[in-house]
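What follows is a set of structures for review.
Look at the two complexes coming up: chain A is in both, with chain B in one and chain C in the other.
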Partner chain A sequence: MIKGLPDAEALAKRAAKSSGGEAEVFCELGRGISASAESGAFSDISEEEKSGFGVRIVLRGRAGFSFGNDVSKFDAVVAQAVALSKFGTILPRLPGGAEKYARVPGAFDKKIDALEGRDLLGRLKGMVDEMRTLRDVGVRPTWAGIEATTSREAVANSLGAYMEFSYTEIGGGAYASCGEGSTGFEGKESRKNDLDFESFGRIAADRAVEGRNPQKIEGVKAARILLEPQAVSGLLSNTLLPAIDGENVLHANSRLAGKIGRKVFAANLDITDDGLLKGGLGSFPGDSEGVPCAKTQVVSKGILKSFLYDWETAMQAKAKPTGNGFRGFSGRPSISPTNIVIGRGSAKRDDMLSEGGLFLVHWLSGTHTTNPFSGEFSVEMKNSFLVGKDGGKTPVKYGLIVGNIFDVLADEVVVARDCVEKAKSFVTGPVMLRADVVA
Partner chain B sequence: MERLARVCGLEGFLQEPAGSRAIVLMAHGFRADKGKEGGGFALLARELAKARIASFRFDFRYTSPPGWGDFHRMSVLTEKEDLSRLVRLFRRRFARVGVLGASFGGMVALLCAGRGVESLALWYPVSFPRETRADYNRLGPRERGELKEAGRVTLTRRGTGEKYRLGRRFFSDLAKVSPLSAARGISCPVLIMHPRRDGLVPIGQSERLLRALGSQRKKLVLTGGNHGWKDLARVRRDPALVGKAVLATAAWFKETLR
Partner chain C sequence: MAPSSAEVDYWDIERMSGVGTIARLKNGEILEAKDGMSSSFNVRAFHRGAWAYGSTSEEFKVQGILERVKKSALRLSKLVPSAYGLGRFRPAAKRYETPMRIPPDEIPVEDKIGRLRELVRGAGQIADTDISYADSSVEVSLRTSEGFEASQRIARCGFSLTCIARGGDRIERMFQSERKTGGWEIMESVRPDYALECARRARALLSAEQAPAGEMTVLMDPLLVGTFAHEAIGHMAEADHITNRDSVLEGKIGERIGSELVTIVEDKTLPGGYGTAGFDRDGAAPERTVVVDKGVLRSYLHSRNSAGKMDSVSTGNCRGLFNNVRMSNTLVEGGSSTLEEMVKETKEGVYLIGSSGGTAMTSDGYFNFSALEGFLIRNGELGARVRDVALLGNALKTLLSIDLVGKEVRAEAGMCGKGGEWVPVGSGGPHVRARAVVGGAGK
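Let's look at the complex of A and B:
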């Protein structure tokens, strides 16, 4: 049992006994620290702790949920969950039986767990100082931030499922600006304390310098665009992920609903949700409902194979749960991807660049404005360049990429097999696609 | 729409957007009033109103005209009584009650938050009063003599030279309370925002307070600037700091008073 967490197994049995139904208890102990600097000056340090438990009771085919953070009031929380089950969602049963969970090594780093808010200041300063080394050419540090979290979780149910897991994460990013309209960003996350924060400042500054004297461009129809991993993550998080979410599919809020087994994307595109990926930021032995995490092939050679499900949605959709039900203690599980691996890369990034005649985009702004249901997007290219046939790069002053993700991914898509990065939920190399660029 | 209201004998501005089910009570600091704290209370009231959260920013008894001349009658326990009455009253009208306490008002909020409060936010709170200048042991022999003889003592505020009087009750009540013990009995989520270079209430107080709190959600944000969201020299309010504090506090209440 994890130190500091209540005994979820005993609590689940107690809740089942007092409620007369099936019971599930999810316990969480979380800690997060962060520090940021604005315009090169210290802005704030934040330290946050949270702990609590959530109880789900299944009684007469319906689920009731409640939560609390004081174990001495556990019985009252159970009583509330029982009362709410009368109005709860239909759920025939909880995930059953003791499952075998895969090991996920390297998810917890003691060094991250031991960090305090003030420990981040040195790293923050390192990022800012690196950006300042290019002060002479006009680079200014705009923002820099670091965040570290530790989570300890346990889930148990009265049918015998029990899983506990601890993991850490550290991440940071730096924004630099140079002259008018040129910005550079670099950021990464890891579960190990192995990030070189100074390099983020250095890369952000270099990118800002590279983007100096940006030029106005002409709009291009069906332009070739090479998105770096951060940009791929930004675009697909708000377009592709909602479309493969089993709940959206169930309620016909996805354009991919009813298309299992059909070719939906380009033949050289594979999309996998890999919950057991070694070193992945979203790797877990099981999800927050105790369903073992697995490798789910979502798209294979452009053919739609599966959606992502938590337990409840899978029951409703009569589908197989994929181990994608995640939550905090104060909420019910909802569908969340683990590590989305974009695969079947053939070309190398540099080869694609050397061909020229394309836009190179490091990151995108305004990705939250995309329409997750229709797939339409209109996002601003940031830190972007027009790469000529001769390989020369011209910084772009302003440009929007406009299109529909389902059409774009069904058209010509090339995934680089090198330069693979972990960018939030995605593990991908740079991706070349075709979309309209509006000046 | 904000209106001047008198609730439980305390004057303040009540902002009550239509359909609001939660309210935030704002407790000001020592020698401050409902309009101070860098103007942050008024800005916060506006931010909260956008999320349909009501607010009441008020003056404690004896801390503003016409009771200003009676300032020596105030103490931590008179303020605790004021805030407790407001919490009890507003609990009857609102489903959820949050409290924001600034500096000395932060200590008062800590003492009241054990019951009936769903969310607590503290700006540079005094949590170890005996480590502040207002402690009796820090009075000089002249001031102790004056207090013994007249029952009140005239003190001068550093920096501004402003004179004010404190009564015997202020010191005796301050010795009776233990915000740290009160903190151990609080179960609602707590946000603490404290300038890292606070020259009046050291950040160490908030760091110790954070560790004394229980297993509820708790967050400590160390910001730039100085006490009262002033610049490092404690001369001018820093609007950027006030703005940041207001936005972070509004986000906290929106999240915890849902």
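Let's look at the complex of A and C:
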């Protein structure tokens, strides 16, 4: 049992006994530290802890949920969950208890867990100092920050399922500005204490310099666009992920519903949800319902193979749960990707760039405004360049990329086989696609 | 709790405890119903320009955390290049409670669910309905090293509704919400055809055209104007962006930044406003701050921290767990035109309705928003309905281009996620006509 967490197994048994139904208890203990610098000066340092538990009771085929963070009030929380089960979702049963979980090595780094706020200051200074090395050409550090977290979780149910898992994460980012209207950003996260924070400052500063004197583009043009991994993640998180979410599929709110086995995207596109990916930011032995995590092929050679499910949605859809039910203590499980790997890369990034005649986009703004159901998007290019046939790069002042994700991914798509990065839920190289650019 | 001996300029302890109900119904069937209770303790220490924070959900740890954050603030203060003190503020009253007629916790859960089913009944005939209800009651107490003590109970209640229509290979959605500070009376005042209207709008989008693209005249509805006020102007006026030198409004107090038809206020006192409260994280009293007065920038939005840095006075805009400058309710004030007049006076353009969110860069002033639907305007008349239309522009250029402002002001609830921390806000305004780039897929 993880030190500091309540005994989830004992609590699940107690809840089952008092409720007369099946019971599940999810316990969470999180700790985080962070430090940031504004305009190059240290500004704050922070430590946070959160702990709590969620209880799900299945009674007469319906699930009730409640939560709290005071274990002495556990029985009252159970009573709330029992009362709410009358109005809860239909759920015949909880996951069974004979699950085997894979090991996820490298998810917990003692060095991250042992960090204190003051330990972050040296790394922060490194980022800021790197940005300052280009002060002669007008670079100014705008903001830099580092955060390190440790999460400890356990889930148990009265059918005997039990899983516990501890993991760490450290991440940071740097913003630099140069002249009017040019901002450069770089940031990354890792579960190991292996990030080169100084390089974030250096890259942010370089990007700010590259973006100086942006040129206005006008009108509407169909264009080839090379999205760097952060931009791929931003676009697909709000368009592709809702379409492969089993709950949206169940309710026919996905344009991919009913298309398993059919070719939906370009033949060179593979999309996998890999919950066991080595070093992945979303790798877990099991999800927070105790269903083992797995490698789920979502799209293979453009053909739709599977959707992602939590336990409850899988039961309703009569589908196989894929180990994608995640939550914090105060929320019921819902479908969430683990590591979405975009594959079948065939070209090198620099080769694509050297062909020229395309827009290069580091990140996108306004991706949350896309339409998750129709797949239509209109997102703003940031840190973007028009790359000429001669390979020369002209910074772009502003512009929107406009299209429909289902049409765009069914058209010509090239995934780079190099420069692969972990960007939020995605593991991907740069991706080239065709869409309209409006300015 | 015994006071600490460590010497810092300032410390405080905020205690929050909340209860609430969440329910979500899909086509009238319950997808989620949950109650919960949780509490947290948020501790801050400040010393000569350095802040340290700590939080926990366990009360017995608070004193230890307070000691640690004091030491962290003292240590960090030695690394801060230029020291400053906290700014002046107007202390809030000792007690505030959200005015409400019917506390939601007096309504049984089955009655709450019954009301939601009643609301979506008719709409379900023509579209899928997905309605999410939430009520919450959060008790907050604040105690500071300066001897300030106050408490407040903030209650919020309401719902958001998404209607989804399908036709052929098309799926369209429409979104409406009714959320305020207050009690169950908010749910009782919803008009009977509310959901039906949402469903009809979703169905109508199935035959809508793609929006045009390029720079043109846009007529924005009150909810989109609210997004503009919040995202494009409000964030740029937040004083932490000014002290951080990443706002295009730096150094522009007293300057004309917009059309003289435009006045923008930040109103922490707005009755029912989703961001309305009795005091902010610093304990400052709520106020109505005029940010832009007839096109002239009059004020930034301040916490005590930013006010201290800029030798100014807090406007009561410190929100969230720790120390962010955040908005509450941000509104463009009404003008003199009716919607009919505004359409009639527009030769060619697009009328944009509703908001599915947006974002703006404070450092370069560019924003992009998405409207839920729109109508083409030709020769002073509304034409074809258009869908999925985005708006891109430079905030100051757009603000200067405003040439018509409507009479009737409406506001809507939303959530602002600045710095990764979500706080409830309100935003709104009247209809406004301006110039901007429209990003539709139609040529």
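Quick notes
Definition applied: the second predicted complex is superposed on the first by the 435 of 439 C-alpha atoms of A that agree within 3 Å, B and C clash if a C-alpha of one lies under 4 Å from a C-alpha of the other, contacts with A are read in each partner's own complex, and residues count from 1 in each chain.
Note that a residue touches a chain if its C-beta (ideal position, glycine included) is under 8 Å from a C-beta of that chain, and two chains touch if they have at least 3 such contacts.
Every value quoted in this text rests on a predicted model; they were computed, and no experiment measured them.
With chain A as the common reference, chain B cannot sit beside chain C without a clash. Of the two partner chains, both chain B and chain C are touched by A:43.
In the superposition on chain A, contact of A:64 is made with chain C only, not with chain B. Legend: residue contacts after superposition of the two complexes on their common chain; A:346 is shown touching neither chain B nor chain C. By the touch criterion defined above, A:215 reaches neither chain B nor chain C. When the two complexes are overlaid on their common chain A, residue A:117 makes contact with chain B and with chain C alike.
Judged by the touch definition given at the top, the superposed model places A:142 against chain C, while chain B stays out of reach.
Once the two complexes are overlaid on the shared chain, A:379 sits against chain C while remaining clear of chain B. Between chain B and chain C, the partner in contact with more residues of chain A is C. In this superposition on chain A, the options for chain C are 21-29, 111-119, 147-155 or 381-389, and chain B clashes with just 147-155. Across the two superposed structures, the residue set of chain A contacted by chain B and also by chain C is 41-52, 69-70, 117. Interface residues of chain A facing chain C in the complex, by the touch rule stated above, are 38-39, 41-52, 64-70, 73, 77, 80, 83-84, 86-89, 117-118, 121, 140, 142-143, 175, 177, 180-183, 219-220, 251-255, 330, 332, 365-366, 368-374, 376, 378-380, 382, 398-400, 402-404, 436, 438-439. Contact residues on chain A toward chain B in their complex (touch as defined above): 41-52, 69-70, 117.
By the touch rule above, chain C contacts chain A in their complex via residues 23, 26-27, 30-40, 50-58, 61, 65, 68-69, 72-73, 75-76, 79-82, 109-110, 113, 128, 164, 166, 169-173, 213-214, 240, 243-246, 322-323, 356-359, 361, 363-366, 368-370, 387-390, 392, 394, 437, 439-441, 443. Of all the residues in chain B, the ones that touch chain A in their complex are 187, 196, 210, 214-224, 244.
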